[in-house]
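The next part holds the structures, each set out as structure tokens.
Two complexes are shown next, each including subunit A; its partner changes from subunit B in the first to subunit C in the second.
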Partner chain A sequence: MDFRQNYFELFGLPVSFAVEQVVLQQRYQELQKSLHPDRHAAASSQQQRMALQYATYVNEGLATLKSPLKRAGYLLQLAGLDVRSEANTTKDVNFLMQQMEWREALQEANAATDPFAVLNSVRDEVGQARDGLYQRFVSAWQQGDADSLAQAHECHRQLQFMHKLLDEVDAMEERLDD
Partner chain B sequence: MAYSDKVIDHYENPRNVGKLDAADPTVGTGMVGAPACGDVMRLQIKVNEQGVIEDAKFKTYGCGSAIASSSLVTEWMKGMTLDQAAEIKNTSIAEELALPPVKIHCSVLAEDAIKAAIDDYRAKVAK
Partner chain C sequence: MLLQISEPGQSPQPHQSKRAVGIDLGTTNSLVATVRSGERVTLADEQGRDIVPSIVRYAETGIEVGEVARAAMAIDSENTLSSIKRLMGRGIADVDSSTLAYQLEASDSGMPYVRTRAGLVSPVQVSAEILKTLAMRARASLGGELDGVVITVPAYFDDAQRQATKDAARLAGLQVLRLLNEPTAAAVAYGLDEQAEGIIAVYDLGGGTFDISILRLHKGVFEVMATGGDSALGGDDFDMAIARWAVTQWQLPEAELSGRDWRLLLQSACAAKEQLAQHEDVQLQPALPGIESTLVLTRQQMSHLLDGLVQRTLRACRKVLRDAGISAQEVKDVVMVGGSTRTLYVREQVAAFFDRQPLTSIDPDKVVALGAAAQADILVGNKRDADMLLLDVIPLSLGLETMGGLVERVIDRNTVIPAARAQEFTTFRDGQTAMMIHVVQGERELVSDCRSLARFELRGIPPLAAGAARIRVTFQVDADGLLSVAAEELSTGVSSSVVVKPSYGLSEDEIGSMLKASYQFAEVDMAARALREQQVEADRLLEALDSALEADQTLLSAAELQAMREDMAQLLTLRQQTQDHTALSAAIEALSQSTDYFAARRMDRSIHDALAGHRVDEF
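Showing the complex of A and B:
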């Protein structure tokens, strides 16, 4: 058990945005097997505690590498950037204006004759913008110099808004379905 | 988590919601967003010839604390000079609204929006 490994090392994967999800799941199951409580039944309470901590570490690793958004944030963290700070605000005016427009469209969707059509068009637009941001994130992160990493950081900030919006679209759709 | 009465009051009866003409040379527009919660805030000020803020409007998509923070600062800013408004600190906002620690970032967002609106106005004047 080595807690100093980063999640990519833990799962025996190259440090990259692209993660083979099938391989990730296989490695996870292998790690899980070695951690099964039955294998540690005879161990001391300290060893059992360690095994439990390690299991948590493995689960966090899986959650991080599984989600593209978390994975992107983690890659920035590994590159030494602070992605969690509360002072981490975005001031890109064009981006924020577009966010406002989408939110307004969602707000007005309730009163629209075909609210599902509004939701679908917002979902398509936001989805395309999200995909574009991931592409820009990957190429900026691969460049790796300070300026490019700052760009990748801004992509990650904007991606968080995109995911939040898409969650809201789904939530609205569920309410409309009821 | 329980909101304070002041937050609920601003949330249920937000002051100064709306929009000023961003193209107006006497209007400064500040836009900020908080990635962690997806909140988006637009704060606008209309400044008279004496450098006093005579009107302020906001539009915020976010939680109750973010809406209350921006609503509160629009009330505060009216009648202030730009320099006075620039002195508004997130800590005063958080204190007035009795924000819990996990919602302090909402007041930070409001402070950033004030600064962005003032910067936008000053950049227009400088042109």
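Showing the complex of A and C:
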């Protein structure tokens, strides 16, 4: 396979933030029906090795295009930006302040009379802010010039914080459930 | 009757069905099944018994497996090994040996070995004996050598436990097509029988392990959405809970009970548990000398004794539903698997949790082996047009040790396999040429709370200034859920060698010497075996290329085709004439490499075909 083919091409989808999930799943299954190592279990070890690599690449493609956060990062990568670098962290002070407030609210949730209510309200607020960031990301990415892409990159950095926070809300709810 | 008429010289290859079986290698019981004339069947012994108790006895006269071994449990408990699956891929420190009737000893690397009259044996060797017995039954029933087997493992097995299972198969001389997760196998058997569509949950409670998997079934695709469980929780624990109750009731001195006493107590506990599936109460006869009274155990009392264990399984169910991102109401069917789901209290509690009656239509003891047989039949190539596809996941996250004993996640649990992830590392000292990578598996933050899988030592890093070398390490999890690691230095392109030190596993050398020991004979046999293996591999390659050429000759130029045919003819001649397995192995490798490009073109073609008709311009 041409590993230079990007994931959108691999799945026969247009390069876009909006991905029709049903179509993605359907294409994915079609690809795996011919590439998965199970389809080559009786073949030579060479072909098995190849099937392993291909199926892995298709799985990575699915994981990337399925998750909005990964998809956003991937679009930036295709546009030539380095989204993986360690030094890649937001310097937006207001944003960081807001993050700290949410985190404090979460910590206090443990002691609250109705911790689930606190969790839900944090979840709603963060969720709204996240959705706003995605909108800003999409329009900046669509503009496509260097400045706009830098803005899209900043949105992506902040989105990573948002998703991490939402994961923590879920983890906390899990602990409270048990 | 249909007659197939072919043009002369074009007769299709005689359709020879290959011999493939599915093996359920259980903690308590094992089974082997196959697909015969389109029907999935378990294979029985001459007495008509399907189940082989997973018990191995090292008797004076040789090794006994199954019912014979079980019969000797009471008289020769130290040499009769049961529930060995619990020790697979484990360190001695992980094992509670207080109630084992046999003696464990730690190896140099901290692995548990069992002391028997035949010397020290590893759990892998014991499992290999069970596999050999099953394979022998299969060969007798199918009339010849097996072309391939699918062996099932608990979905919640970690890498070390899976590797140990595969090592056991290797010792038994079996060609493993796939390690298949038990609940996935059950879902296959159930899905094929019922033509089911939608989301199902498989609740699999065996003798020593518990799995819960959520799958989505759609048009022959079995997609595991999430899996969870406990690889050390099962019916054995039920027996233990009942036995401990009996010890208290009979006022026995717990500290003074021997392994043999425990075995008798557990046997009577197990019998009581099984009877309570039919009766409201049961009498326990004195299990040990010196006990005068019988005990009465009611269903309700037993439910009370088992409640803590059953609740543990339900907590795992809640977690897996969360991981799958669905509610219990969205689950269409709950399939019960494993002998321990015969316990009524388990059924009641599962029914209440999912708010629907669980399905028990397929024998819970056989369903896993039957599903594995279906998969083996397809993998070996007997059903080329089959539409079935299994998409499974990795049950536990993989991570690396970082500064301060913390874990950095590399591959998250419930990621679809095969999966890979590349990670870059750098050196921190000038001229550093080696580095150690510690891989762990588990969900916790601290290395000490996760299972250590292996230490990989990277060697041959070119000596550069600190931070200048960039080493890319690729972690690959294959379709069996097994991890492998490859490393490359990026600035020079030198591939570093990776030396693996499994934390809880056998090294290549150890397996090699066990293989040798299992042949008891001279080197001639080893060489003969190695030659036979290479001949099989050569046949596989030639056969694969033949059928590839038959299908996709058009992908080659005339010159390429001719060159390939010549190379194939050469390998065939060598295969028929040589006695030298290393020469044959080298020739196989050479042919595979020289035909890599053809395999790649075929793959690309199949991608193209898979998406034919829908391209970007559709939108």
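Just so we're on the same page, the second predicted complex is superposed on the first by the 169 of 178 C-alpha atoms of A that agree within 3 Å, B and C clash if a C-alpha of one lies under 4 Å from a C-alpha of the other, contacts with A are read in each partner's own complex, and residues count from 1 in each chain.
Methods note: a contact is a pair of C-beta atoms (placed from the backbone, for glycine too) under 8 Å apart; a residue touches a chain by one contact, two chains touch by 3 or more.
A quick note: this is a predicted structure, and the numbers were derived from the prediction, not measured.
In the superposition on chain A, A:13 contacts subunit C only, with no contact to subunit B. By the document's definition of touching, of the two partners only subunit B reaches A:91; subunit C does not.
Contact with subunit B, but none with subunit C, is seen for A:99 once the two complexes are overlaid on the shared chain.
Residue contacts after overlaying the shared chain place A:161 against subunit B, while subunit C stays out of touching range.
Judged by the touch definition given at the top, the superposed model places A:174 against subunit C, while subunit B stays out of reach. Looking at the shared chain after the overlay, A:36 reaches subunit C, while subunit B stays out of its contact range.
Taking subunit A as the reference, the larger set of touched residues comes from C, when subunit B and subunit C are compared.
The residues of subunit A lying in touch with subunit C in their complex are 1-2, 9-14, 27, 29-39, 41-47, 50-52, 54-56, 59-60, 62-63, 170, 174, 177-178. The touching residues of subunit A, counted against subunit B in their complex, run 84, 86-91, 93, 95-97, 99-100, 103, 156-158, 160-161, 164-165. Residues of subunit B that touch subunit A in their complex: 31-38, 40, 42, 59, 61, 104-105, 108-109, 112, 116. Across the interface of their complex, subunit A is touched by residues 18, 148, 177-178, 221, 315, 318-319, 322, 375, 378-381, 387, 389-391, 415-420, 476, 478-479, 537, 540-541, 544-545, 592-593, 595-596, 599-600, 603-604, 606-607, 609-611, 614-616, 618-619 of subunit C.
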